[in-house]
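Each chain gets a letter, A, B, C and D, in the order it is written, and its residues are counted from 1.
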């Protein structure tokens, strides 16, 4: 499938996105991109050592999407992530040590060992936990947006889905409801061209996922998902649109899944040339190049950030490894929420 | 909602559809329209007399749709109907006496009293029974089309849905699958502007249901659902398209539900003017006018058909009333298909 | 409990009252579903509600059960207390995934409560046929994290719905269509709830424990009247809550009577009656003086035609027969 | 039954063989699901199938369980024999409506058979967490019109899948992920089926009937070995088919032993074990010499972390404890 980002009118902010991003923000975006990459690479390494028991799904090569949209959000906003949104977890305040504890099934992880890998959630940080059943989180996102609307709040929800997830009925029902009620929710789609082993042309009859949004009358755009500045600036714009009461948007981020579906999958079904083509478009390479071009950072500044990140992750791995596993009887805890406790704000 | 049939390019056959319909066919279409109307009016009358125990959903004022599409089908084709497709049942060969027996819960009805009103099916006549859960029949239609495709047969499936049913996930999953696999299935949608009491603008964010089809890359059209010649000629064309291996189409038929959702519903929520406007567009008035204009029939010819229909329905009511009810223990029959019997062709 | 001048309230009105009072009491409570706004719902439970509470607290949704249950879950997590109406309980199958995978597991997985109620008008006896008559409670009974309630009287209907709305967990509220206009009683003036998880002995008896719920309760009481004349004293235990079951109430009754009939309208195999029977023979075996009999619908879809549906539904006679059999055991 | 030179076949290979042989035997059989084509399925059950049978008999579908189960139903009604693969049994919740409302009721309603198989890789013990470990069989157990099978050995896996494909009804085939590569045995060369509806006594014993299925069968046999040394003689009844249950086989065993343990990996409340217990106390009460004990997972979602999942899953020790309790009863 050939990518055709320029097929639609692209607003000014997409043609020169970097001009809209301050130096401080740009460096911060770089930090998060690098943090995401480093954290996931470490998880992959731990997986290869047999120290992670369940599966590992990474956003390798796609980090700019979740970093970009999450960076555009405000404190009270909510995300309903997909399974390749590590950057968003980090930006919303989930600590690497908590995340690693989650992967190792430790009690110090956000689910206390109850759930696996990317199934982390924390309402206080505005993070809905990912649900394996793809697209199930999208109706939830509309519900959170509905709550904001009913209460007259100006918060916004961002939901993310893969290309594969858009084939499910819940995608349809969620987008339709959001459109009818003009809810403050933005739908991102990481179109990484595969759902597990299934290429796009066996998933849908149109070339672009964005065509789906037309069915609902939801304004939509295709953007370069590997350029964090593009994602960030677009997200800012459509989130503002939603925040101001103009309803949902749909953003298709073209990208490529650079690892297997999960770390056990060698992804032989992906043509090598496709991977090579996309390797050149790596989001970290892109941002490094941009930072240098703009004069925002030289090699030493980047190295400094990289060192900082590596230390952070080392400490986090240590924490996670030293953390206790939960004990058997904890299995029985938490099936029901306490009846009398008022759990919500 | 204002109807805007002419917004899209309309092919020749839609501007002068009647020129494509032979006199014999036109008269036959009239016969079926009148048969459908008369049969359903009789069911309504029986309902008012308390002789039908369950609910009654009619296609009153919408008969041209199911008559039109069913008349365009061939013997081996299959329909997956919605709940206002009485005309299609009749054209596919379901006898009025069987249908009335069904409404009265008699053993002589096609479901032997097991199911109610429009839930009739008969594989030999290529009729899938309607499933109450709206849109559930649409994936089934794709499956039948897939069977034809796998076996290299040239049969076609027509599935029908209401506007309301298009909001369900199964609609999305079915249309997407049909598009990806270019299956020989045509989707009709009776857009009668309401789903029960819910007007279109609370069901979807776009003005026309046809916008939904764009999400799948399925060619689509809006037509006047009250003109049986338009429906028939359009159906012929898109069914041929499917039969020749070019894949699915989606046809939105603009129409209006002229009775309540079911016969218990007075439909006070529908503006009177809307009903009056559509009463003037009654499909039977339309066809009578056309037949006369074309010189295909004068009043006496029409009267003759009407008399024939009335007698047919009288006899059918008699049959149904005299038919035995099933007996209690028949409840236990038919949960499983016999294991050894080869039930299919 | 009530003053003489009070009026009788139907089961359906009791549900309306509960919704109305909870919406007035707590502005986080809101309703969503098909045709519940201007139309007032297929059974008119929410008639006038949209006028009273506004468009955004009584929302007509598109025809999309999974989507609007999912939306309710999302809103619940944000601190709202949505009450979803299924037009018929049958259509809950379309939202099964959201209920069992998302709502039920959410708090266990990551500690986010889902205070949500799904109202499910269920049951047969109204000639609805296979798609408008189902008793689907057992589908959800095997899903930890859900609560299931099924009132049999207006009093319980009102009190359980209020309790469900105030609960911090996803509750499916099974309201029996057959009882809507048939069950009537005078209700207390003051605010009350019926606690979730507590069964109620609707008739005390010495000889046989009949354990049941929903529309089978009046049928059981009718049978008890007849059996009384034969000197068989039936205790009728109305479960009211199906999940979590009031195990203690069940066992207590059985310890007294030593004989058990379990009765439900849902089909027999895999019904909730199986669990009740299993609990009793697991924890109360030594008290048993006879087999645990189950009365339930046969294992078929719900047929439409009146003679078929009549055959299908459990009847007073079935109870009489079982009770007589046990009495002489 | 087999020749000495034959090779051992895993449970997973047995499934592949059954599919391969049935597709070769009957051209109406075709497969659909996610990633079953070039990739060969998440567990590689259909590796090489698309090459052998072509693109239109091994179809990769979009990610849409309801849609492709519905498509299978439609194709089945047209005389095909689709076999659907769920990538994990957990995702069957997304197709629940099509299975229970359409497939299950179709023949009853209007006489159109739905000869379809849904393969559902299920069960825990592989650290899959709440969404990749579920034992969902009880969800479908209360739905007349479905058949449910759950083999525990390669022999049964192959024979039951062939029987399921040849059956004229919708069959859910629960294949246990834990057994995929762990269970091995030599299989007959010739074509055979294991009839649906027949349980199998995997170990004959006099003292206690242990009734179970799936991955709990090897666990039960392991427990039986240990108990033998304590002179407790366990009979292990492998149900194999869950719906319709082989009631006679269950009752026959109980009539002999008078004591019963029911064991399953699924959570306890509302599990299939409840029905088995209820059947026994309904039809075999007079033979019982002790309470019917159930061993099952506790009523929670399946937790991820190893110590939690280990706590969650039934263990050999649980069987030993229950057996010893019953032995001294």
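Note that in this section a contact is a pair of C-beta atoms (placed from the backbone, for glycine too) under 8 Å apart; a residue touches a chain by one contact, two chains touch by 3 or more.
This structure is a prediction, so every number in the text was calculated from the model and none was measured.
*Asks:* Any idea whether A-C or B-C has more C-beta pairs in contact?
*Replies:* A-C
*Asks:* Compute the centre of every chain as the mean of its C-alpha atoms, then state which one is farthest from the centre of chain C.
*Replies:* A
*Asks:* Counting only Cα atoms for the centres, state how far chain A is from chain C in Å.
*Replies:* 41
*Asks:* In whole angstrom, what separates the CA-based centres of chain A and chain B?
*Replies:* 45
*Asks:* How big is the gap, in whole Å, between where the Cα atoms of chain A centre and where those of chain D centre?
*Replies:* 37
*Asks:* Indicate the residues of chain D shared as contacts by at least two other chains.
*Replies:* 61-62, 64, 66-67, 90, 93-94, 97, 101, 108-109, 130-131, 144-145, 299-301
*Asks:* Counting only residues that touch at least 2 other chains, which ones in chain B make the list?
*Replies:* Each of 111, 114-115, 119, 131-133, 167-170, 172-173, 176, 180, 202-204, 335 in chain B touches at least two other chains.
*Asks:* Where on chain C does chain D make contact in their complex?
*Replies:* 90, 93-94, 96-97, 100-101, 104-105, 108-109, 130-131, 138-139, 141-142, 144-145, 243, 245, 262, 266-267, 269-275, 277-278, 280-283, 285-286, 288, 290-294, 299-301
*Asks:* Given the complex with chain A, which residues does chain B contribute to the contact?
*Replies:* For chain B paired with chain A, touching residues are 167-173, 176, 179-180, 182, 201-206, 211-218.
*Asks:* Mind pulling up the chain A residues that touch chain C in the complex?
*Replies:* 78, 80, 110-111, 114-115, 119-123, 128-129, 131-133, 136, 138-150, 169-170, 172-174, 176-177, 180-181, 334-339, 341, 343-345
*Asks:* Mind listing the chain A positions that touch chain D in their complex?
*Replies:* By the definition above, chain A touches chain D via 53-55, 105-107, 111, 113-116, 119, 131-134, 164-165, 167-169, 195-198, 202-204, 269, 325-332, 335.
*Asks:* If we count contacts the way the header does, which residues on chain C are in touch with chain A in the complex?
*Replies:* 28, 30, 56-57, 59, 61-62, 64, 66-80, 82, 97-98, 101-102, 106-115, 144-145, 147, 166-169, 196
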